[in-house]
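Below you'll find the structures, each written out as structure tokens.
Both of the next two complexes hold chain A, though its partner changes from chain B to chain C.
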Partner chain A sequence: MSLREYSVSRLNSVLEGIGRLKESDFPYPHSRDALIRLEQLFFSHKSRLEGLSPDKRPAIVQMFCSAALTDLFKYLAFLGFILRSTNVRNAFEVYGPLLRLSQQVLGKDTKLVLSSEWEGYSPFTYRPIAELPNFVLIGFPAPESSNPLLIPLAGHELGHTIWNVKSFATKYAEKVEEQIIAEIRSRFEEYMNFYSAHASKKEDIVPENLFVKRAIALPAEWAIKQCEEFFCDFVGLYLFDVAYLHAFAYLFAPTAGQRSVLYPNTLTRVEKLKEAAARYAQKVAGAYRVPEDYAALFRNKSELPPNEEQKKFLLSLADAGSNGMTGDLMSEAQSLLSAANVPLLSSDEKHRILDRFKFVVPAVEVKSLSNILNAAWDVYHDPKFWEHLPQIQNRQRALKEVVLKNIEVLEIEQILQDAP
Partner chain B sequence: MTTTAATTTAQNGRVQLGSTDANVPLLSIEAANELDELIEGRATTLESVARLAEVLKQSFQLDPSEARRSFVDSGTVAVFSQAIDESSSGNSVSTMQELVQQATEIVKTLETATGGPTQELEKLRDFCIALANASTAYQQSIFEMRPSDPLRS
Partner chain C sequence: MILKANQIANRMLSEDEEDKKDPLVITPFPNIDELKKSGAASVDLRLGTWFSTLRQSRIPVLEVDDELANAARRAGVTPEQLRIIEEFLPTSEAPSEANLIKSHYVSFGSRFILHPQNFVLGTTLEWIRLPSNLAGYVVGRSSWAAGG
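The block that comes next holds the complex of A and B.
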């Protein structure tokens, strides 16, 4: 068999698999839309390979085969993600409100796939998918996928789509590189330990130095990815207020695993969230109140091993690049979401909902998910909230059910409001 | 029928060589293939060749209709200079100015590929293959540095 035949055979298999997936009973059409886009992607790979002349140069055939194989690796997990969007464990009640919120920020053609994840214990994020530019992809870890208290983390995932659609990586690239170059200048001797041929004096560390520019490519890219994570945190916080902080702590505190170069370390994220909360609180009285000792819940992830000194140095440059951008990113999230007129937490509304929750009854006309979810976290943290209802054996289950019910009520009211 | 590699251009109107969310590797292979077809005397469109020229122009801010900015992102520099180093067609470069000059010449050659001599087209095709390799390696270098799953080898 030839390389090309192997590749076409693999593509036929995945296309057959997608064909079967398309027969699934999708609760919402966007999952199927995503499948169709991926089907087109793999069909294009197949057509390219089949269209090559028999005597095509092996180097070109190999690269087309490699591109197809790369996409198989890249999208296989995503196909499973789409399949799991049909699973009844998902909290389908939240789909409508989250789609509405996403479309309010990004426009009516925004699509949403809500699913669950078995690969990692965190809301699933995918590397940007050029084929699905306007899709918001939200996947909660499977054991928590019906837990509505974690919905605020969907704000973070929405942030990723905003980041890509608005091309913020391009917007911030120059500033990030400036920060990194300034950091290298301030640590010139250290830089020279690793890259002695790049410069003879501090003044040679300039953007026009080709060797420096090549050396900072990786840390600059890591820093941009870290900026994206900061931005997404700020989006989640702005949209869902302290409910975002509680959901973040619930899922990630204290910490787990080794640090990724693509993320700021945990304590830095928490510190920046606190700064963002202080900034956003200036505009809304009584809002964004970070719980006392919030940071004490967290620890940093373990750093890179000591034998990776050069990588550690590059990562420290990336950290400097991203940390210097957080003020801009907080403002970016705030101005963008403010312009979209997204509903924010109303303390009065939250208390009105709490009054209903006292009787395990959903409230009407609650106006936003944020109001419901912040009320929910207040109940979660108050062990005496249902003291007057001894028949409630499992507080957390009762809370989840009333919250999901309230989200359903919100969605029904929104549908009726939008009806002609 | 095939379609040109999807890039983020469809979504935001701009893509750069170093963008990790752009499918520069596939676009470069498609361009290499179109040039190969041209060299072999077979009918072909040069859609991907034109698109790659556009990506290079955007990456190096070469469009004369735009106000000239000096910023070229480091990812673009890393990918392009590696492609130049590995491509037999390229001279080695040691300054940013030389790199931009190389990019300008390659864009010009891509834009006039139809009437180019075979030897020049072959160089250009080999450069496109080197560019595909360089951008693939660059993207992998970024994402493969995530911590590995402790339960997987």
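The block that comes next holds the complex of A and C.
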């Protein structure tokens, strides 16, 4: 066997697999579109390898084989993600409204794949995939993928795509570095404990100092990732109002596991969400009202172990870098989404929906997903809401059903409205 | 008394306080003018997006009562044969809904093809709430049934 034969055989296997996946019952065409684009990628690898003349230099053959293998490693899990987008456990009803929302923010050619996984208990997205430009990829934890009350968390995942499309990491990199430099200056002695050779006085701590530049590379990278998470939280909050906070608490409170350097710690996230809500509330009367006891639901994740003193110091720099940016990030999310004219929560609409939910029927002409989901959370938190209906034995199931139907009614109305 | 379509429409639109407390709701709202003009004693409902088919490979027999003989008769086997089947494919525990049913989602505008001799359950597009003094039943359209 030659390297090239191994590679072609591997590609044949994955192409056969994709062929079978293409026969799945796709509820929406975008999942299939994504699959076809990956199929084209593997076809192109295959034809390139098969087109190599037998006397081609081994180094070139190796390079092509390696490129094909790299893409196999890169995309195999993603093929599973596409397959699971067809699973009937998913809340397919939310697809249309979420696609509309994504297109409103990112442009009409935006495509959406909504899926679910068993791998982690957190909604997720994929880093940008070159073969799939214009795709928003959102996954929910499988056990909750039919729960429409958690849809606001899709707003956070949409935020990641916005962050990448708008190249915000590049936009904010310099400012984050400045924040970190300022933090080092304010804690100069502490810095010198770890990096005594980098400077002799506070004024030497400047971005042009190559030692400093190197030392802050890691915290700056972490801080940018943390900024992305803050931004995504603000996007989710802006789009879905307090329904985002409830969904966030439902899935993540009080806390679990050890902290990742790429995320702000939980209590900081919650505090910044409260700040953002206060800021957004100034523009919309009666909206973004954070429950008083909200922060008490959460605990911080455990910090790094004590023996990692240097890493802890660097992480504190990253935290300072990202915390200093949250005001800008709140404004960024707000101006971007208000420019896209996304529908926000209307208190009157929410109460009109609640009046219908009292009878366990969906409301018509509700105008936005946010109105439905915020009404849904009000019902969820009110154990007496259906007190007059003793025949409802499983409140959460009844709520889920009526909410999904209301989202479907919203979609029907929007399809009819868009019809020529 | 069977309500005529215009009575159904009036009941849905009723401003009477008692009716508002216990309303008749059909969502999405049917076209009221067409409903009133239809002259029927019914409301046309449309197929929704979810369908259920029976899983054929999970259970040997679908028992609706404890009578083995009845179950065997329905399955076209003798009680003894049914006992042997159940020995290999035990069904002593009531099968769950997920064990019996396969769900299918069909997005708006797509098709669900029902082949001859097959059985399928479909949700209606309309969500219906009946007040406590009304009852309703769903039947297939006879014109479609006549078409086979």
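List of remarks:
Note that the second predicted complex is superposed on the first by the 361 of 420 C-alpha atoms of A that agree within 3 Å, B and C clash if a C-alpha of one lies under 4 Å from a C-alpha of the other, contacts with A are read in each partner's own complex, and residues count from 1 in each chain.
Just so we're on the same page, a contact is a pair of C-beta atoms (placed from the backbone, for glycine too) under 8 Å apart; a residue touches a chain by one contact, two chains touch by 3 or more.
Predicted model, so just to flag it, every value in this text is computed and none were measured.
Residue by residue along chain A, chain B and chain C are tallied for touches, and B comes out ahead. When the shared chain is aligned, no partner comes close enough to touch A:387: not chain B, not chain C. Within the superposed three-chain model, A:348 lies out of touch with both chain B and chain C [touch as defined at top].
When the shared chain is aligned, no partner comes close enough to touch A:109: not chain B, not chain C. Contact with chain C, but none with chain B, is seen for A:415 once the two complexes are overlaid on the shared chain.
In the superposed model, A:165 lies in contact with chain B only, and not with chain C. On chain A, the positions that touch chain B within their shared complex are 40-41, 44, 47-48, 51-53, 56-57, 59-60, 63-64, 66-67, 70, 127-131, 133-134, 164-167, 169-170, 173-174, 177, 207-210, 213-214, 216-218, 220-222, 225, 257-262, 311. Per the touch definition, chain B reaches chain A in the complex via residues 1-3, 6-8, 10-12, 14, 16, 18-23, 25-26, 29-30, 32-33, 36-37, 40, 42, 70-75, 77-78, 81, 93-99, 129, 132-133, 136, 138, 141-143, 145-147, 150. Only residues 23, 25, 27-29, 48-49, 103-108, 125, 127, 129 of chain C touch chain A when the two sit together in their complex. Across the complex, chain A meets chain C through its residues 25, 27-28, 88, 92-93, 95-96, 359-364, 402, 405, 408-409, 411-413, 415.
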